[in-house]
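Chain lettering (A, B, C and D) follows the sequence in which the chains are written, and residue indices restart at 1 in each chain.
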């Protein structure tokens, strides 16, 4: 692993700096991956989780609920139907949160570039912190990826989750393009952005206007029984 | 019923049900192809299930013969006693695209018919469930129909990475760069490059000059 | 959701609830969902919801050259990808009348059986984990990894081997490979008693699995159940024996049968199939050195290959059941139609819906894993 | 084995048996992958020829072809400076690109770890070279093409030929041509790289017509062929096939028989239909030039066509001297460009060297006639038997026509100028070939010696051998050449076939004297050759005088080169023109120093049919540009 670069440390009050560093140090050593197999790359996760490649050595564990998870691991292609669920899940995760896109499909469509059913570029819909190449990446590659994510977190460099708030309009626009203008989620992203003080130039825009116009009180989930 | 009895039975079936044609596969002795008119299918299935023990519906496959304006439905039936497969082929018109369900005879048909309805838009009367299963978020035409151009759909709805790594910038500065982008290969467009390679040249399923050869300028004809 | 838009929901007083199982749920195999209506904890109605893994394979295959699809098909069933390649290749070989050299057929059998062992071990792992036992998962997945190492060595890929081409296999086995296979197979066999102790004879597991999701033989025939799930109802039927392909008719193995038809019986069938697969692999390892000859029948230039017009229905016994490819060629450079009949298309939809109804909520996972349903096969 | 619950309190103690066991856990650092693993790509840039077959087989459209200017680009050898760049946002590591690579330059490494942040996403697009993705070579090679995994068919379909005993005493065509199945199999080997198109002097659309042949659509193939070559019956037989030298299949195997495929297409369509197709194409070209690209498909209606053609014609006339491939190709093009052309030919039939220099066992006259027939039916007027300089002068042509093309070929043989070479029984090969094809007969003595090792020498030797066999029932023809066996200038097939037909070949012999006794030719005296060129590569043969041989002959034929007959140029014009080593000097468009005179074909290029055709196209285009400029 690379040595930690000192100059990257943030400036400011020495007390808060120490606190931040401690915070990041601890956070990087206890990461929970959301247990959601979105695509075929998920088949290499059980080896990573279990004794052979054992990611618990890095302090990384699977977690079943999004609320407690730190890492959203997108394991390959996301079909449009899954992407809706992934968006719901991502927005529910508490900040700071990290997205890892593994396999080719998350980068540029992968094998399914001709397919009408899969999303092609993950970073159009949510900010991605790390990509791991492969189709699918071997467990060792996933471990290497996790290690570099941990390093980035320790260095305070992995802050892409803030982009979702700062550029919410862009992400929402892409989501609307796929899901239609009626698309809405139970999470009030704009409210959260205001709350965290993460309102950027791209938070509001034409797409958030559409959202606010069409936003309906949420109905109970419709069952088709 | 043993195998020889079955063969005799199958050979005789066209006397009982008009229009049934039986072709045994010469490659695999366990495959039997049957072609029959669409209205005789249920009659036929009742006979093979009831008399010849073909209780297992392996699959129903739909083939879109768009040029003929027909869907071909292939019912693959298996007999656990005879270890024989019958593929019953029928054709139904693409328009309006409806047929009758065989769910009452074979329960697995429920899934396959639902799938075909979803992917091809072929409606099965009498099926217990014709709701969407896989494509619940899909509003376009049934995607497996041949007229649906998936590449065009993708091109309209998605964008691709625009890579510009350092090595590429250097090559561009030297006068090089991407000459045949993968996009061109993909969408079979024709591009002339400075290498004189017309992309049409390099794709087996590419262009058509004959259409060009039987064209005359419309401008000229218009002015005539 | 803005606070002012939040609407208080009111439910009628009832003990009926609607539950969404999945797609993000540890009790569901893969990315799949089940919507159930429960009364107390008894399920009164269930409905499968698929399509989360839908990639439009059948459409994609119509857009690609015959040979390009070889790298596409293994993705249809991720835990057990090898039968996909073999079955697709077999379908093309039948249409175009290509005779596969004998050595290639034996190597394909080796590949299929190793893949079956890996898939079964993986299923045990998942099955145990959903029952709350994590050690079998740790074991199963780690032992499966040894087989993946073998795959890596002879096919070049851990999961997706992409090792078959229509006409044969892509390359020769590496030197000393068969010894390694024997080593791994011996090891896995030696582990089986330990699995028995840990899992198959585990009182917790037996109590959870017995009597859950019972399928009678009559019902499974009616519903199109195949593979281990059918054999668990007492019908000795195996495509390897009864619709033989490759060189299975030259191999000696038993078709394992259980009578009970419940989750427990289905698991046991798989457990004993492991032994049979090990037996087959041993026979292949013993026979392969004496079988020489070509590895691949020549095929035309893949960029220009037009498979003659025709159709074929190729069937393979995958670890999940009857896997079939219906391939139609109109004489073009691309397939006109490829229909994939995954075994789970039956198991994960109609059968699962039927089996969980009337059962209890906590048995959904048990039922799904014991059926070894593989969602990508359903969604394609 | 009983699978029932026989649990006891002591069961957990069994776990003790695991105490001594080694852990299965691997280190956190990546393990080395197995040999033959499919990791990131490697590409030997020096071996890669940029054919882009990898791009075509890639089912994921992961490969872009990138031009690397620093690498060599040589269309004649089939080498392009394009290299595949891989998008790892698409790649699925199936290694089909490796297995189809015609050069075996592409392979996969064992390296498999690559991670990056969103900011570095560009690193997913890479140009593989000899080094692994992240530099260093510790990973080593993974998946490489093996004999089994190779997807290409490297062996050419064998071409059927007449056996020597059936061909040695007659002038029947030797090559049988492909059967339909052979043609299909041969066409299917093509990877459509287009190297042949780039290498062909006249830029024939070989990939397209091969594809059409493969699709069974021979008419379409003929259309493709006629887009760039009106001498296709000829070129399908006697072309020097530069395309096959460039063919990327030829890097590891035998190149596609592109020439024979062309011949197959031309022979497979009825001559009348070829004529229709060619003329149809000529009309479309003409109308497109006049009215621009057509937009809507409209059926050809003959009445409209005639009107349209009349509109499209410019009314200008161009004179062409010499009805060989260059002259007639230029005429064909100019007709399509709306000009009228008049071709002056001193001999009684058209074809030039292809008729008077190539024996009919290689190129039957009937095939040449078909090509000429199509060209003349497009409106080209050929005036036979008119000699420039005698019947009409060049100056007259200049005054009568808008432009003049000189395409007079190389009809004079060069002489060795050795002692005795001026004897009447010492003849020139071109002259004898012409005599034979004009008269259909030739008088040859029993013993003949040919000097020269090129294709012309082989042509005359084989012609003479045939005539000898017809006249005397025995062959006694000896070919002596300066070059050693392995450096022979003639095509290997020619040599092989000559030997089969009974011609004796004496390599590395330098002719010294035609020995004359009593006024009759007796023999050729020759010395052995040590070397032909000096250190600077200049022609300066070095002989071994002790190795002297006499080859008895009543006739010696010189076949050491040809030159053009510049007699027809008047003195004034000869002076105004610029010359270079006895050849007319022209610019890259075929223009001479005179603004009304163009020159094309063998007389400026040296002998080669397909070059002559290319020249014809070039000159026609140049004339058209010039005349359009003049018209304003």
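To be clear about the criterion, contacts are C-beta pairs under 8 Å (C-beta built on N, C-alpha and C of every residue); 3 or more make two chains touch, one makes a residue touch a chain.
Quick caveat, the model's predicted, so the values are computed rather than measured.
Following the contact convention of this document, C, D is the list of chains adjacent to both chain A and chain B. Chains touching both chain A and chain C: B, D. Remark: the per-chain Cα centre closest to the mean position of all protein Cα atoms belongs to B. The chain pair sharing the most C-beta contacts is B-D.
Put simply, the C-alpha centre of chain A and that of chain D have 58 angstrom between them.
Separating the centre of chain C from that of chain D, both taken as means of CA atoms, is a distance of 54 Å. Measuring from the averaged C-alpha position of chain B to that of chain C gives a distance of 24 Å.
Per-chain Cα centroids separate chain B from chain D by 43 Å. Residues of chain C in contact with two or more other chains: 51, 54, 56, 59-60, 63-64, 71-72, 142, 160, 303-304, 379.
Multi-chain contact residues of chain B (touching two or more other chains) are listed as 135-137, 143, 148, 150-151, 161, 186, 204. Contact of a single residue of chain D with at least two other chains is seen at positions 24, 33, 56, 59, 61-62, 87, 89-90, 92-93, 121, 124, 192, 211. Taken together, the touching pairs cover every possible pairing of the chains. Residue ranges on chain C touching chain A, taken from their complex, read 1-3, 5-7, 9, 18, 20, 23-26, 30-31, 35, 37, 45, 47, 51-56, 59-60, 63-64, 71-72, 75, 78-79, 122, 125-126, 137-139, 141-142, 144-145, 148, 158-160, 376, 379.
Those residues of chain A whose C-beta lies close enough to touch chain B in the complex are 80-81, 84, 107-109, 113-117, 119-121, 124, 177-179, 224.
Chain contact summary for the complex, chain A toward chain C: residues 34-40, 42-44, 46-47, 49-52, 64, 66, 77, 79, 81-82, 85, 89, 111-112, 114-118, 135-136, 138, 184-188, 191, 215-218, 220-221, 223-225. Against chain D, the residues of chain A that register as touching in their complex are 51-54, 57-58, 104, 106-111, 113, 123, 127-135, 137-138, 140-141, 143-145, 147-148, 152, 157-158, 160.
Only residues 1, 3-7, 11, 14, 24, 33-38, 53, 56-57, 59, 92-96, 99-100, 108, 142-143, 146, 148-149, 151-153, 185, 187-192, 211, 214 of chain D touch chain C when the two sit together in their complex.
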